[in-house]
């Protein structure tokens, strides 16, 4: 395990310590819940609050999306495991200002069970909440079972649009509608070329032999749609692009936002090689890429691979995507 | 023939069952990796280590409280799908018990309620390759053993253990339709469901622990 | 080779195509020199121009630092190989507005040879230029041969300070002095846990056995100061920190800027685990971390490892580091 | 005994020498990896492939132009340390030649100038584990062979090849003091300097190519 860590068991907490030390001007811990982290200014201004959370090992997911113009708080689980309902409730309490709370997270059963429990507990305390689930991975279920799909990198779009809608003063219903509209209009697909190792487990959770790849693999190594020989990047992108675009209904008009996401160890050079092909394909399909993002938005430790996400824009979503936001994972030389 | 177990013996058995899951970290991790994301071994190790620690510190607790505390600790420390389902189910089912001692029929009710809660919370039926495929047969076998033996707790637990183990084995040939494993049809084929195996390990260790 | 690429020989050009497609609002190619890339607005406003360049495979180095408040143009070489003097000259011509050009790049012999030739050719055309070299890697030569040291991630600080000074209207002498002052006050050290593979070569250029690490290794795999068993992150950071801090002269007062840089495949989780220790050590030494940056600032494809850079601040440098800048590698959901 | 070489034969030999470096990609890459960053094989392959392509397209070029073009192409297409030094040195030294044909003494002067340029541009002396440790002995041996043979170009080139090869071998025991290899003392120990080896390959292929 070629990793820079101390005890595997303290991996998550030490990561959080480092994040809070580096970004203490943006983030703070909730008292007595070290895994419940909120915006430094959480709870001070009346607005709809957005809470998120999930397993660790996916930075910048989920905590990276806590910041001005994005989410307000995050419950942080162990590696690849949901945080607890108590931790989620602590986040909800800390961010709630009476305008309601949107739970925005990925469609995994552990997270759903716990967020649902947290919502019930919060409701008992008078905190109203709604839910929007990222379920963008087209490889994880056929179109007629869309609600069963897992959430991958595409949720980044929803943090941005819903975050902007909340910042603008939208009501809980409005912010929820924006989040759900964004998620409903987002499709993603990934490809894995090599696994990662959970430090607490100490061995890879799946195998991809050298020279092979798995198309459609999820960010925890959930199996994809096909395993085969590693092909040239353009062919890989073509297959992913066709699966993603082919899955859209008539919501896909002219304008799209695109995210080419690295899973951890794939160099950004290769993400741009992929983006090049995506841009070619979009142009050939008469699609206009209005916003593009190439980098790491949802990783799986040092997994090798990438994913492509497409959001079918409408005017509202485009405007909200362009709103200002403070994304601490990409700060550069500025406080 | 034993008709009751007191809270001291039960606590020892619960500590042993926690240890059994801690010791199965690697096996459960690998089973979960085959059909899921591979965290279950670590998750239950973390949760049951906290549970064992609690049990060791609190000698005065009654049986109902012991079970409830294990459930709450699992929910807090091991909140993955399995940890949350099992923890919540334990918390709910803890009400089947009295504080001072348990008998065969409360044990059977507990097992039945455990299975009911998992089925309700997880929205699953038998045959869907989940923890329920260990728990439901265990509850059924426990009821039969109870009636046949006139309430012998050791017979009840022995039957539950054997049925849970067999039920877990049987998941190897079941197609997954819920949870992460539903995405893994092929890869998980032929391997036992991790959550079902965890239930069998827990019940069998409980049996062995109370038999002592 | 688990890589997403087409032909190894087109790796660099396709990466550039992707970057220009994604960031065409910030960057453009110089006519007839596809490897010469400048700010879209290059040459339009009279100011000192900053040019950089170097081998590929290190994104965001070097091209990532072209943008408002940073550098003005970049010559892009093949993987781990200098760009040519002609390419550098093309960049210098495109960015020059008569106020002079600062060549700011890393201390490698191929780059020096070519930048020097380019400077002579530019001089013959009436373009005045100066040079500032990144030579921050304390592991690469002892303090009494500081000029021999290689440049690693620390140059990021100099892009920022010199870029801000140029943006403020500083003269060539002033901007050069700021760049050199920044570089003179910067120290770095790296650690490698596993090599990368140049796609054009197809095999790792060095070996680090599992369970081992090499302290002080350079970003091309140049050997470091010691190879030994992989230690806990805190111990690794301690060794790096002591080497870096111990190398400073009396320029190190109270305030520092810190960069914890990933070499490619190391997850950002682990960079924050390292930063946590850095912050602890800084506090114990009575140093105040005024600005901190944790992420990828100078990589080596998918090399596993990290580096730590420290800049001993003074008031000028701190002010310049805080100036606005447009760093395209970290754009998020905003044009 | 051959006293002159015409531009047609020289072009063929230059093409052969380019091919020899293309074919040595792997060897040179590994040698450079031992002491440097491992790019030299690819870098020279790229540069000499472009040079060969040019030579094949331009049948009318004189010897001086051929050498200058190879030099300029290397500077443009292979601008690493070695590519730039060798390319620049070739460009400068191309002036030793006439256009139509070369003789033994212009060949010796060319080799001497090549070594002088590398020494000046790279600021190196013999014994510092660089390309110069192949080129300087080659120039010296060429001068001796020229004087002894009365200007036989084949003898001159044979001597240059042999001395360059021996000089390159000798770098294996030299400590590096310049270039990337100065940081690699230990790792490179015992292996031949990549740049010196490249010079030997080039000179020997030139010799073989002109001998045909």
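Per-chain residue numbering starts at 1, and chain names A, B, C and D are given in the order in which the chains are listed.
The rule is short, and it goes like this: a contact is a pair of C-beta atoms (placed from the backbone, for glycine too) under 8 Å apart; a residue touches a chain by one contact, two chains touch by 3 or more.
Worth saying up front: this structure is predicted, and the values here are computed from it rather than measured.
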Considering only chains that satisfy the touch condition with chain B, which of them also satisfy it with chain C? A
With chain C gone and every other chain left where it is, what groups do the chains form? A, B | D
Distance in whole angstrom between the CA centres of chain B and chain D is 76
Cα-centroid distance, chain A relative to chain C, in whole angstrom: 29
At what distance in angstrom does the C-alpha mean of chain D lie from that of chain C? 33
Listed in rising order, chain B residues that touch 2 or more other chains are none
Residues touching two or more other chains, restricted to chain C: which are they? none
Which category does the touching pattern between chains fall into here: line, ring, star, complete, or other? line
Check the chains against each other and report every pair that touches. A-B, A-C, C-D
What part of chain C is in contact with chain A in the complex they form? 1-7, 11-12, 14-19, 21-22, 56-57, 59-60, 156-157, 160, 191, 193-194, 196, 208, 210, 213, 230, 232-234, 236, 257, 264-276, 279, 291-296, 299, 301-302, 304-306, 321-325, 327, 329-335
Quick one: which bits of chain D touch chain C in the complex? Just the residue numbers, please. 29, 33, 36-39, 41-43, 46, 75-85, 88, 121-122, 178-180, 182-187
What residues on chain A touch chain B, complex-wise? 9, 55, 77-87, 108-110, 113-114, 117, 140-141, 148, 150, 198, 200-201, 205-206, 218, 220-223
